[in-house]
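So, here's a batch of structures to check.
Common to both upcoming complexes is chain A, partnered first by chain B, then by chain C.
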Partner chain A sequence: MTAAVETAQTTTIHGDRVSLLRVLGPAHVWALGVGIVLVGEFTGWNFSADKGGALAALIVCWIVGLLYTSVAMIDSEVTSTVAAAGGQYAQAKHIVGPLMAFNVALFLVFAYTMLEVSDAILLGDTIVAKAGVEGLTHNSFIAATIVVLAWLNYRGVLMTLNVNFVITAIAYVSIVILFFSVSPWTQGAVLKLNELVTPGNALPYGWIGVIAAFQFGIWYYLGIEGTTQAAEEVRSPARSLPYGTMAGMITLLIAAAMTWYVCASLMPWEYLGITYYPLWDAGKLTGSPLLENLLFIATLLAALASANGCINDAARAWFSLGRDRYLPSWFSAVHPKYRTPYRSILFLLPIALAFAFIADLNQAITFSILSGVLQYTFMSINIMMFRKKWPLGSIRRGYTHPFHPLPAIVLFCLCMVTFFAIFLGFGSQLIAMTVFYFLISLWFHFYRYKFVRRGDQFSMPWPKPQGY
Partner chain B sequence: MARYIPPEQNKAGQIFDIAVVVVAIFVALWLPLKLGLAGAAKSIDPLDAKTWDALGQNATMASIWEKLGYTPEMAHDIIQNRFHYIIDWPTLVIMAVVLIAYFVFLFRASDREYREVINEKFDDK
Partner chain C sequence: MWIGLSYACWGISVVLALWMLYDWFKVDTTYSEAMLTSSREGELEAVSEKHRI
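Showing the complex of A and B:
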C-alpha cells in the first residue's frame, strides 16, 4: 500500500466516512495537466510577442520551457512522495508549515480561477467573432461555460476528466494537422517567416523586450503542475503522477514550438501580439476553410478543457483548506453520492463569474500568471528544504529527480527574471497582489490559525524531519 | 508537549470568516482593475503618414494585414501602440522590498507554526 493510500483523507457525512474516489490513471493525469495548459497555445502566449517581438516569443518559449521542466522534475519527486489532494498545498504543509500551505492554496485557487476566467472570456469572444452578429456580446457564452462546467465537476471527477481527455486530444491533434498542412519544411508557399521576422523587427525592443516577454511566455505552460491536484483520486500516485506530468510537459514543448513556427510565419508580430486567437487566425490565413473551421472548434475545445481542469483543481485546493480548518470546515464537505468537493465547487462559481464580467483577457491572464510565479518561487525553495529535512534514503520516494539542486536554482533564477518581466508593464498589479497575500497571511497567522489542530497537519508516515 | 485543542468555531464565526475571505479576494483582484492599476502600460506613438511603408510593413506584411481586413489607418493604432520600457527605480525598489518582506515573513512565521506541528506530532509518540 502506498503512503498516499494510507494517508487518504476522509470527511464525515451523516456519520459515514466519505473520501474522494481513486479512479484515475496516467492518461487522466496527462489530460488534467495538458487540458489546463493547451489553451495557452490557442491564446495568451502570443502576448509575449507584443512585449518583445516574434523572436522574443520563441526565446521565452524555450527558456520558460526550461523553467517548467524544472517545475515538472521537482513536482514529480515531491508529489510522488506527498500524494494528497491539494498538491503543492499538501507539500507545503508537510515541508514548510501551515502559513505557507495556506498561501500556496490561495496561489492555486487564484491561478486556476483566473485561468478559468480567461478561458471563458476566450470562448465567448471566439464565438462572438465567428458569429459576426451586430450587438451580440460574450456574456451569455461566458456564463453558460462556467455554469455547465461547474455542474460537470459537481457530478464527478471521472466523467470530468474523461471529457477532458477527449477534447484535449482533439485540440492537440488540430495543432499537428495545421502544422503539417502548411508544408513546414518549405518556406514561401504558405509560410513566410523570412519576410515576417526580419533582422529589423525580430527584437523590436532589444533584449529588454526578451526579458519582458517572460511574463506571457509563462502562458505556454502555466498549469502543468495542476496534475498533482488529483493525487488522492489517482489509483497509483507514485507511478501515474510523475509519468503523466512528464509526458504532459513533452507534449506541450512540442505543441509550443509548432505553434510559434506556424503563427510567426503567417502574421506580422504586431498583429500576433494582440490577437486573442492566434491559431484560429493562422487557420484563416492558410486560406483553407477546413483548417479555419478546425482551428475555430479546437480553440473552443481547448478553452473548455482548460476551464474544466481549472474548476477541478481550484475546488480541490479550496476543499483542502476547509478540511484542515485553515478556512471554515464547511468547505470540506464531500458529496455523499458523487464524492466531489461540491461546496468548494459551488463557492468558487460566482467568483469566477464575477471576474469574467469585470476583467479583460490580458488582465485575467496576468492575475493568473502572478499567482503561478509566486507558487513556482515557493517550489524552488520547497525542494531544497525537502531534501534537507529528509535526505535521500530517509523516506521512500516514488521518483527522485536528477541533478539536484540545479533544477531548483534554475527555477528560482527564472522566477526572479519573470517578476522583473511582470514589473515591466504590469508592476502596479504585482505590488497590489503581493500586498494582498501579505495581509491575508497576517490574518491567518494571528487569527485563523488558532482553529487549526497542530499535530493533524502532519499526516505522512515519515520520521521526524532533520533539524527539528 | 500538551496537545493543542482548538476552539470550536460557531456558525456565525464561520460565516464571518467566509465573508472576510470573499471581500479580500474581491479587493485584491477588483481594486487594481477599478483603480486602473491593472493592464499593460502602453501608449500610441502617432505617425502623420499612415501608409504601410511608414508603418514599417513590407509587401508581405501589408498583404496579410489586408487579408485580415485592416487598412493602414486601422492598423496604425495597433502597430504604433508600444511598450516604453523605462525602469522606474523607486517602483522597482518598492516591488522588491514588498516581495522580499512577504517571503521572509512567510517562511519565518511558517517555521514557528511548523515547530508546533512537529513537536505535537512527534512528542506524542
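Showing the complex of A and C:
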C-alpha cells in the first residue's frame, strides 16, 4: 500500500545551528569511492596469486567483483533512502537497532583507519624503495601523509574531494596508459600470458587455492561502500549516491581486469604473489623509463587518495556516533567555518599515527579487511530486513536494486567463503577481533546506552514498519 | 635530496599539526559547546527537498 506523506520541515542551518556543508556532486562521490579503492590495484590484489596462482587471482577478481557489485547495489538503495552521515551506521540504526548500529560504526572506523594506516605505510615504503638511500626510513613520509591529509580534511570536504578526484583520475589513467602501451591485442610482443599462465601452473594449489585467494581478492574493491559516508554532504543524495557508487564500481571492474591482464602477462605467478608493487614492477618490465616513473608516481597518488578518503569516512562515522550519544557528544562538533567534524578528525589523527609507527602492513590491512567483511555480512541481512519492514512503495527510494533477494544471498554466501579464507590465513586475528566486538558490545549494552536519547536517534520521516 | 625531503616532511607535519591545534583551541574558546554540537541527522535533507511518496 502506498502511503502519501509529505514533510516540509524548516531548519536554521545558518542561524543557531551548524551542520555539515552540502556541496558535493556525483563526481565527488566517485572520487571518494574509487579513491579509497584504487590503491588495491597498485598493491594487495597480487597476494592472491601467491595463495592460488595467477588464474586464481583472475577468478577472485570476478567473483569478488560480484560480491562488491551486490554491495554497491544494496548500498545504493538503502543510502538513497537513509541519507545521513555515518552511512551504514545510520542504516543499521534505523533498520536493525542500536546495538547493530554501534558495531557497524566500529567496523567502519576500524576498516577505514587501518586502511589509512596501510596506505601511509605503503607510501613511505615506496619512497624508501625508490630512493635506495641508506639510513632513510619511512617514518617522516608516513607522518606527512597522515598529517597533511588530516589538515586537508579539517579545512573542508569540497577541497578534500576535489583533490581526491584529480589524483585518483591520474592514477587511473596511468593504468589505462600502461595497458595500451604494452599492445594488449598482441601476445608475444611484450606480453607473454600464454607462456606465464599454462594449464600446468594456472592453479598450482587447486580449488582450495582459489578459496584462499579470496582474502586478498578483496583488495581489488575494498572501500567502495565508503561513498555512503558523504550522504549528508551531497547536494542530491537520492541521485548522486547511486550514480557515483555504481559508476565507481564499473570503473573498478575495468581497472581490475586491465591490471590482472598486464601483470599476469609480464610476471610469473611466483613473483607476482610476493611483490609489493605489481603495477610499478610491470612499468619497469616494459623497459620504458617513462612508464616506470609514471607507475611509481601513480602508486604514491593512489595511496594518498585512499588515505584521504579513509580519513574523511572514519571521521564521519565517529562523528555520527557522538551525535547520537553512542559516544560522548563532544565528538559531534562541527567546525563553524569549515563545516567539518573537526574534533573527530583530530581525535583519530594520533591513533592513525600510532598504528602506522608500531604496526606492520600485514596486520593493519588484515584488521581493515576483517572489519570490512563483517560490515558486508551485516549489509546482506540489513537489506532483507529493509525490504521486509518497508516494502517497495511504502517509502521513497532514490534507487531500487534489481533481482532482490539474489544480491543479498550472493553477498552473504561470498562473505562466508571470505571468512573461511581469512581463517585459513589469519585465524588468530579473526578470533581476536570477534572477541573484541563481543566485549565492546557488552560495554555498550550495559553501560553506554543509558546515555543515549532514545527518541532523538531515529530521524527519518518514515511510516511505521510492517508488522509493528 | 631524499634525506632533505625527509626533514621537510617532518617540518610540514609539525607546522600543520600545530596549526590544527591552534585552530581547535580558537574555535572551542570562541563558540559555545551547544552551537558546535548542534548538528542534527536528517536536517539537511529536509531543507531543500519535499518528500512526496
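Rule of thumb we're sticking to: the second predicted complex is superposed on the first by the 453 of 468 C-alpha atoms of A that agree within 3 Å, B and C clash if a C-alpha of one lies under 4 Å from a C-alpha of the other, contacts with A are read in each partner's own complex, and residues count from 1 in each chain.
Please note the rule applied: contacts are C-beta pairs under 8 Å (C-beta built on N, C-alpha and C of every residue); 3 or more make two chains touch, one makes a residue touch a chain.
Remember, it's a predicted structure, so these values are computed and weren't measured experimentally.
When the shared chain is aligned, no partner comes close enough to touch A:His28: not chain B, not chain C. Once the two complexes are laid over each other on the shared chain, residue contacts for A:Phe419 go to chain B alone; chain C is not touched. Residue contacts after overlaying the shared chain place A:Gly209 against chain B, while chain C stays out of touching range.
Using the contact criterion defined above for the overlaid structures, shared-chain residue A:Pro461 touches chain C, although it does not reach chain B.
When both complexes are overlaid on chain A, the residue A:Ala143 reaches chain C alone and has no touch with chain B. Taking chain A as the reference, the larger set of touched residues comes from B, when chain B and chain C are compared.
Contacts of A:Asp281 after superposition: chain B is touched, whereas chain C is not reached. In the superposed model, A:Trp330 makes contact with both chain B and chain C. In the superposition on chain A, contact of A:Arg316 is made with neither chain B nor chain C. Residue overlap on chain A between the chain B contacts of one complex and the chain C contacts of the other covers 329-330, 457.
Chain contact summary for the complex, chain A toward chain B: residues 50-51, 92, 96-101, 103, 110, 114, 192, 195-196, 198, 200-201, 205, 208-209, 212, 266-268, 270-271, 274, 281, 284-285, 325, 327-330, 351, 354-355, 358-360, 362-363, 366-367, 377, 381, 419, 423-441, 443, 445, 448-455, 457-458, 464-465, 468. The touching residues of chain C, counted against chain A in their complex, run 2-3, 6-7, 9-10, 12-13, 16-17, 19-21, 23-24, 27, 31, 33, 35-47, 50-53. Those residues of chain B lying in contact with chain A across their complex are 3-4, 6-7, 9, 13-15, 17-18, 20-22, 24-33, 37-42, 56-58, 60-61, 64-65, 67-68, 70, 75, 78-79, 81, 83, 85, 87-88, 91-92, 94-95, 98-99, 101-103, 105-107, 109-122, 124. Residues 2-11, 13, 16-20, 22, 83-86, 90, 127, 131, 133, 135-137, 140-141, 143-144, 147-148, 150-151, 154, 232, 237, 320, 322-324, 329-330, 332-337, 342-343, 346, 349, 394-396, 457, 459-461 of chain A are the ones that touch chain C when the two sit in their complex.
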